[in-house]
Each structure stands twice: as structure tokens, then as C-alpha cells.
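Consider the two complexes below, in which subunit A is the common component and subunit B and subunit C are the respective partners.
For the complex of A and B:
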């Protein structure tokens, strides 16, 4: 299929030699078809959810029987949903700040001082990279049951768990930014000028890695905001947006409008994630690739 | 170590250990602290919330039912149960087919996007980035609203007079379709950097040597990209094994009739069975861990081989 891929190309200007990406008329049509299908696959579900959130009743016809703004109004003013949103926001914000606070000093020190820190971090980062969050969450539940049972089911434990699974995002972003800024030289120069370590971090390191901080912070925020498995397993009794959604999707009673409200909440969640992604993409113009969960591992293969 | 800034290196007990007299324990301690102190908060977080939980699970899976000492009893019991065997097999089949479908769609997509002009490239990367971050219950619901039993597409197709029945929400095809929504974007975003390795000059050179497109892809393009695509396949396979939210949203509600997956079995063992549940879930979690670790190791080996071309 890679062959077909090559045949479909972009914009041939009929040069002397056939270009690798050039294609004939048929392959161009095939390419448009392919991209159209992919676009549809990604956009139609969102459209369906959007229509659902405005629909009065939608079980028989191609389009809903009628449209209403009631679901939006009811959902936005529902105190339980409001509290779920504020819990999720607080959870995600704390996760992002804790991750930045613990990762930046460690990443900085691993670059200027003790390279062994890097090896330890990389081993640790492989855990949430490879292991399912269900497994980590379950292990954390068992471990906290042994060590600190009073924390089970609390917000604190969930924040710690989210900070632990989201830290690689921050680490990869921050470490990449440090490499790009050449932080070793900068801090050496600052030292030569007589700056204290705190001054170096505050005046030299942080201003130079701001893009990494923003990116890492937003990615860990997003990871925590949409996280479901860990919230369900160790956050019993809490009410986050994914937990609320799970309850709604399971209580199938369409007449009560739970699906319509779920549609509204799904769109709101999606809007949050969309804004975050947009900021990340804008901030790193064209370099989205480095930010992905695979980045640390694929850096070896992917950095050019 | 070459990058160490000099004043610090002098302070550090670890790096400058070659001194004449062996340092006193206190000085050693101070040196150790100087070398590790800023990393300690992170190391604490990571060891209590990632490393220790994993070790506890492995330990628990071998100490069955409150007995003292190690035993494999529970392992035989859990792995002997039909539902669990079924779950392991289904999870593997689902992950492998998901990864394969992702490869078939994602590889050409990734190649074409890598050769796009800047504007459309940015558009597609943005779209994929958003889709890659969408998941969990929201995605399960979006799937149901689209091709669930009363989803939009289902209704449209039925409205055209075609007798069409959407795959049941808890069935494998349904899970596969929903999973691809995040898998394809992840795969594309991961493999796009590798696509830049294949230089356009090589195609020109091959043409000079009278190679056709087919020959070029079979002899040059394919072999160079194959390790990266294989690595992407392995990652998607690993991640698909561990997906929980989407599966819970789609399959969870049909209860006993839904597919068995390892992750779902872990979740339900925790919720239903207070006494045996944790032990059973621990074993399934260790099984999942073993699969994930194996494929991550393979992934690293493959990537290292792929590096030859960089």
C-alpha cells in the first residue's frame, strides 16, 4: 500500500523527471477520495454529537424531529455538572503545576550537573508510556491501601496519580526546550557572571524554556482532564467530567435526555481539548510531532 | 559528563571522586545530596506513584488469598477461567487488528502529509492533534451518536432504504472503529518525522538507473521505512491493549453479552469481587504488563536498527 501512497502525489508541474510525489489524474482522484474519507471519519462523529446536543428527539429520522437550546441551558446550569467541571479543572491545573514544579529542577540538574538523573527519569517515563493507566491506577490503589489507607478515594491521591502519569509529557517538552536553548552554556555563562543557582533558574532557565513549559503544562493538563481509568479506580466518591460522562452513558434512558446532556458535556470537553491543542500547535509552529507521548522514545528515531 | 560546568563539578562527590584522600561519610553525603537534591521531588513522586505500585501488583499476584509465601495457585486458577482466557485472546486479537488497520490507513496518510505544502500540512497536523487527544467516554458517545443503533449514519443509511444494521456497540468491529479515531492520528504524528528520511534525490537517482516506482518502493523506500512503520505498529498495539475508557463506554453497558477484554476484566474484578477481586485483577494486570513490556522492548530494538539511516 505504500506503493499506492507514492502514486498519489502532490502537485505535479511536469518536470523533466517524474517526481516522487507526482501523480496522474486517476491517482489524484483517488487521493482526494482518500483524504475526503479520512476527513469525514474525523468530522462526522463531531457533527453527530453537535446535532445531538440540539436535538429534541432523534431516534427515527435522518435528522432530529426538532431543535432546542434546552439541553445547553439545563446542562450549563446543572450544579452537579458545574461541580464536575470545577473538580476536573482543579485536578488538571494542579497536575500541570505540580509536574512543572518537580520536573524543571530535575531536568535542569540532569543537564548541568548529574547525567545519571536522566537515566532514572527515562526508566520512570517508560512506565506510563507503556503500561495502561488501569494497571498503574490499580497498583496505586493497592499500594496506598498498604501505606496510607486514609488517602484512598481522595482528591490528593488522584492528583498525585495524575501528576505521575502525566509527568513524561512535561519532561519531554521541557527537556527538548532545554536542549534547543542550549541551557548548559547559558547557565555556565550565568555562573561565570556570578549568578546564584536560584538566580540562574529564575532569570536564565525559565525564560529560555517558556515554550516547553507552556507545551508540557498544557499536555499534562489535557492528559489529566480527560483521564478516566485512574479517576474511576482511585477517585471513588469524586465527581470529574469523565466519571459523570461514564455514569450518563451507562444509564441508557434517552427519554430523560441524559444522552443530550452527555452530548453537551462531550462538546464542552472537546472544546477544552481543542483550545489546548490549538495553543500547543500555535506555540510550537509546525513542531507538533515532538510533543506526542512517543516523543521521548521516538526522539531517537525522529529527531532531525 | 563533558557538559558539567566546572564549579559544580568540583563540588560534586560523585563526579570528582578521584581525589587523593577518601572523603568522610558526611562529605560524601553532601556530595550525593548536591548531585541529586533537585531531582528528589520528582524521584519521590515517581517511585511512590509509578514504581512501587507496579512492584506491589507483581508481588500480590504471587501471594494468593492471604496465604503466606509465594504461590502460583491463583495464577492457575485465574488463567484457567474461560472468561479470562477469552479476555486475553480477544484483547490480543483486537490490538493486533487495530494496529494493522492503523498501519494500512496511517502509513499512506503520513507519507502524503509529510509531502504536503506548509498550509495544508498545518491543517492536517492540527486536525490529527485534536483527534489524538479525544478519547475515553466522550469518544464512545460520539461513536454511538454516529453509528450506534440510532446514530446519525445508521439513520441516514436506513433512510435511504437500505436494510443496514450497525455493529452492536459492544462488539469487536465497533470497538475497532472507535479505537481508530485516536490510533490513526497517533500513528501519523509518530511516523511523520521518519517520512522525511526518505529523500527525493534517491528517487531521482533510482530513476536514472531506470527503476520504476514499484522497484523504488520495494528496494529503497520500503526497506528504509519498514522499521519505523513496524515500531509504530508495535506502539499502537501496546496502547490498544491498554485502552479502558472507550471500551468501558461502549462495551460496559451490554454487561455479560459484551466482549471480554483484559482491561474490562480488571475493572469489573475490582468492582464486583471484594475478596478475590484484587488478587485476580493483579494477575490480569501483570499479564497486561508483560505484553506491554515485551512490545516496548521490541519497539526499542526495532528503532535502534532503524537509526542506521539517520
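For the complex of A and C:
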């Protein structure tokens, strides 16, 4: 009896599966079409920028009138661009490292020792999104004018500003990774094994949240590298890639070829971020990083 | 001396008393099980011994040293958690070596000790696997090896078998007991499973609502529950509410025992189904009852019996050897008798 019923169940489910499979076949074409559209949406502008960076003159026709390596050569050897690029690289790298150094202990502490500071961190992590960067930048300028006027317009103040606006990216990546690793549990275990707090962070926390560190680091790097408003307001006197780019856009009528050079810089920026993203994807292969705030906050490591 | 003594340990969570003046002495080399339903405070007590919780009042001593204010990492303990809690970035070997590495023991000593432990927990062939590459039972054996690595004075086990399936659970339970006795280490074992507690422990402490109800050897606990809670929680018992008449409680035709002190008109009598005798017809000793249902359990068959005492219907479970129960039909009238020596009555 029971066996018959089970067999009936299988038989009645089979057509449904067939239908599903047929449905899948129909939508496959649609899926390829959609994928192609998305791919085109991303790639065509990049291709246009790429072609523009090699174009002598591109006005009347679908493709440029001629091709040249001059823009690349001129851009790469231009000391101002070199300096803007290295400033931006240094700024973004420092921002990422400062954010990791600040956020990891705070996130760890909020999970293991004092859950109450969690609310404070979460509110702080929402502020950079709730307020326009221009407003934050202006506030920072006013504040530094009162507290430490000698830092105004310096690299140090800009790093501090970028660290402040980019830290939520690191926080969410790191906090998600800690939830996924069940860091509270591992930390208690390490304590019972006789590890000191420093040993716990070094031997247990860091290795088990490395995916979150890399992801968060990259996101804050990218946020800082492309940031414009704050650099404009509190980084006067500095040259970053976005500031230089804005200047190129404004000065189109003055200098021939500024758009072409802009295209070169855009591609270089893209290349840097693309390589870093590839590193992250490679590093995190097979692991899921939860980036949503509070992801897994209530799961006590999942396996309980 | 490396026993553990907990004296007047009290722990509050807000208004809730998780532990209420708990005092337990664990002797050297003894395995003591903390048994109770979830929320009874058994895990909190274990965490107080580990130092993962700080008691609000009371002291915890290990050996002769007061540990109450000592941080977890400086206590001579090894701990095994329900969720294994192996470090996922380390291999089995590195997990077991971890407590030795953080103590900066010399490398040759670490490697010799780890080999010894791998052998003890039968994981030598899995030594270089990562936690996600081994089974739950192997993971828990690895956790046990890691807990024992630094030669702790006390082994703390927090529901170590709860995450495992039934077959592995029984085997690993005996394995833990074997290793505990072999090493001769004092151990505290938290569980909510009474059969697990009785199978593994030298003594069982039954806990309820933050208090210790009874501490006794498994056989004594089974035979002589000291409190109503122990009687209810340990072993599956009949609990029958009976009227007190002339200082006695009983089932007409069967037992009459002295009513417990403090009973006010009624008392609760506990006895186990295997102490219920059932005879066919109306010639044997005991109370008349009807067989409502027969449940075949293998070696025994459980009869659901309904009789009458003091004008009230009472329901009793009786376990009979299955061969004997075959002769009894559902709906049949039988005589039910209970040996008064095996009845424990408590005031309501």
C-alpha cells in the first residue's frame, strides 16, 4: 500500500517536473538575451572609452578618423597625472587600512563583549549614506577649522574624512564574515584553550574573516579612490584622480585632447579596480560574504 | 586534589535567577553530570566553572585554588562544546596543537603530545584534514583531544552529543567515558538527556530552575528520587494524584503508604511502569482496571490502564514483558497491583 502510494506520488510529480523543464527551455533564450543586454550595457561604454583613448579625431563617423598612441604616452608621462594617480592610490590604500584597523576590533568587541555598542556602530555606519558627502565634508572643514586649523587642506585631513565615510563598507563586510564564521563561539573556545585576547584576534579572528577583510578593504578603497565632493572641499591644494578628471571635463574647450586623456585615466582607474576585484573574487572563491547590515546577527554560528 | 567545588553560586540575568545558591562538590577523577531541562541553569553553571560567566555571588574552586576571579584562559580547564567549535582554518592536528601553541610549548613537545592525543581519540588517519572534511563524531573527538591537550585538571563538556545522530551518540558517549577514566580527569558533563547522564556519570546532579534538586549516583537517583521534580524528570513514571485518608495514601486493593509530610488533602504518588503488576481476570491482588490500549515496544509492551480510586478515574501505565502481554486483549478487565516499596509520594 505504502509503496504504491509512494510510486503514485512520483508519477504525479513527474509531469510537473517536465513542465518546469520545458519552461526552463523557453526562458533560456530570454536569459541569454537579458545577459547579452546587460553585458552590452556594461561593455559598450567601456569600449567607447577605450576607442576614444586611441582616437586622433572622432567627430563625424561611427568610428574615429585615425588611431594613435599619443594620448596614452602623453598621459602616462604627464607628471601631474602621475602625481594625482599616486595621491589617489595612497589615499585609498591608507583609507582601507585605517578602516580595517578601526573596524575589526570594534566589530569584534560588539559581537563578543558588549552587544550594546552594536547599535551605536550601526547608526554611525548609516550616517555616510544619510548625509550627502558635501555636507559631511563641509562639517569636517568647519570642525577642523576650530580644532586643528593646521590640518586644513592637507592629505591627513582628507584621509581622515575618507576613512569616516568609507568605514561602513568595511563594517558590513567584516560583521557579515564574523557572523558567518560564528566568531563568538570560536572566540570563547580559544579562550578556553588558554589564548590571550591578542592571540585570539591574530590566530582565530583574522584568519576566519579574511574574506570579509578583503571585500571590505576593496570597497573602501574604491569608495575613496572615486570620491570627489570631499576631496574638492577639504582637499584644496591636493590633486586626486577625480579632481583632475573634473578639471579636464571643464577645460575641454581650452585644451585639445583633454577628453582623450580623460579616457586614458578612466581606463587606468578601471584597470586598478578590476584587478583588485579579481583578486577579491579569487581570494573569496567558494565563500559567501554577507554584506547586508545585521546579516546573521541572530544566528549563533548556524550549527547550534 | 583536583576536584571542583562550587559554593553558593548565584547568577542573575536581569530579574531572572539563572543560578540560585548552587553548591556542588565534584570529587577528583569523578564524572558528574548536570542534568535538567533547558533553562534550568546547567550550562550557566558550567560556564561559571569555565569562567565564561562571572557569578554574582559564590565561589568556584578548582583543586584548592579559588578560581572565581581568574580569567578563563588561566584556568586549568579543557572544554568541549555542543557545536564542536573547531577552528575551521586549522587541520585536526593544528586544532589539537592550538592550546599548546598559545602556551608557547617547545615544538618537539607539542608534536609528541599531539601524536599521543590523536591516537587516544582515534584520529591519527584524519590528522591533516580540515574540520569541514570530517564527520560530526570525528569533529567532537577532535574537540575532546584539543580540550585534553594541555593536561587540564578539569574537563568541561557542554552537551557534547546533542548535535549527533543517535548511533554515533551512543558510541561517542562510551568513548568519552573510556577516555575520561583512562586519563583519570575530573569532568563535568552537561546534558538534558537522562539516559545519557545515567550511562556516563558517577553521580548526577538534577537541576531545576537554577537550583540543585538532588545529587546521587545514577542507580540511587533512579530508585529513590528525592524530590517531585527528580521523580518526574528521571525515568518515565506514573504520576497519580491521590486523596490522603487517615495519614495514608493508596490505591484500593493495592498499596497503602504513609502520606508525605506537609500534604494537604492530596498527594502525588510516583511509580515506574515496570513496577506495575498486571494479572488477568478478577482473582489476583490489586485494583480493577480496564486495558485501554496496548503499545508494543519490543521487549516490553506498555498497557494503558484505567481504574478507579476514591471515586475518581485514574490512568496508569504498566510495562509487561511482551510475551506475557500477548495474552491480554485491549478492553479486557484486569487486576493492577503496585509494590509499595517502589512508590514515592510527594505533597502537592
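Throughout what follows, the second predicted complex is superposed on the first by the 233 of 304 C-alpha atoms of A that agree within 3 Å, B and C clash if a C-alpha of one lies under 4 Å from a C-alpha of the other, contacts with A are read in each partner's own complex, and residues count from 1 in each chain.
One rule holds for everything that comes next: a contact is a pair of C-beta atoms (placed from the backbone, for glycine too) under 8 Å apart; a residue touches a chain by one contact, two chains touch by 3 or more.
Values in this document were obtained by computation on a predicted structure and should not be read as measured data.
Contacts of A:181 after superposition on the shared chain: subunit C is touched, whereas subunit B is not. Contacts of A:156 after superposition: neither subunit B nor subunit C is touched. In the superposition on chain A, contact of A:76 is made with neither subunit B nor subunit C. By the document's definition of touching, neither partner reaches A:279: not subunit B, not subunit C. By the touch criterion stated above, A:45 is placed in contact with subunit B alone, subunit C being left untouched. In the superposition on chain A, contact is made by A:191 with both subunit B and subunit C.
Of the two partner chains, subunit C is the only one touched by A:203; subunit B is not. In the superposition on chain A, A:271 makes contact with neither subunit B nor subunit C.
With the contact threshold set out at the top, residues 188, 191, 301, 303-304 of subunit A are in contact with subunit B in one structure and with subunit C in the other. Listing the residues of subunit A that touch subunit B in their complex gives 1-11, 17-21, 31, 34-35, 38-39, 41-42, 44-49, 51-52, 58-62, 98, 101-103, 105-106, 108-117, 120-121, 124, 126-136, 138-143, 146-147, 160-161, 163-165, 167, 184, 187-188, 191, 222, 226-229, 232-233, 242, 245-246, 249-250, 252, 254, 259, 262-263, 265-266, 269-270, 273-274, 276-278, 280-281, 286, 288-289, 292-294, 297-298, 300-304.
By the touch criterion given at the top, residues 181-182, 185-186, 188-196, 199, 203-204, 207-208, 301, 303-304 of subunit A touch subunit C in their complex. Listed in rising order, the residues of subunit C touching subunit A in the complex are 50, 52, 71-74, 77-79, 81-85, 87-89, 98-99, 101-103, 146-147, 150, 156, 163.
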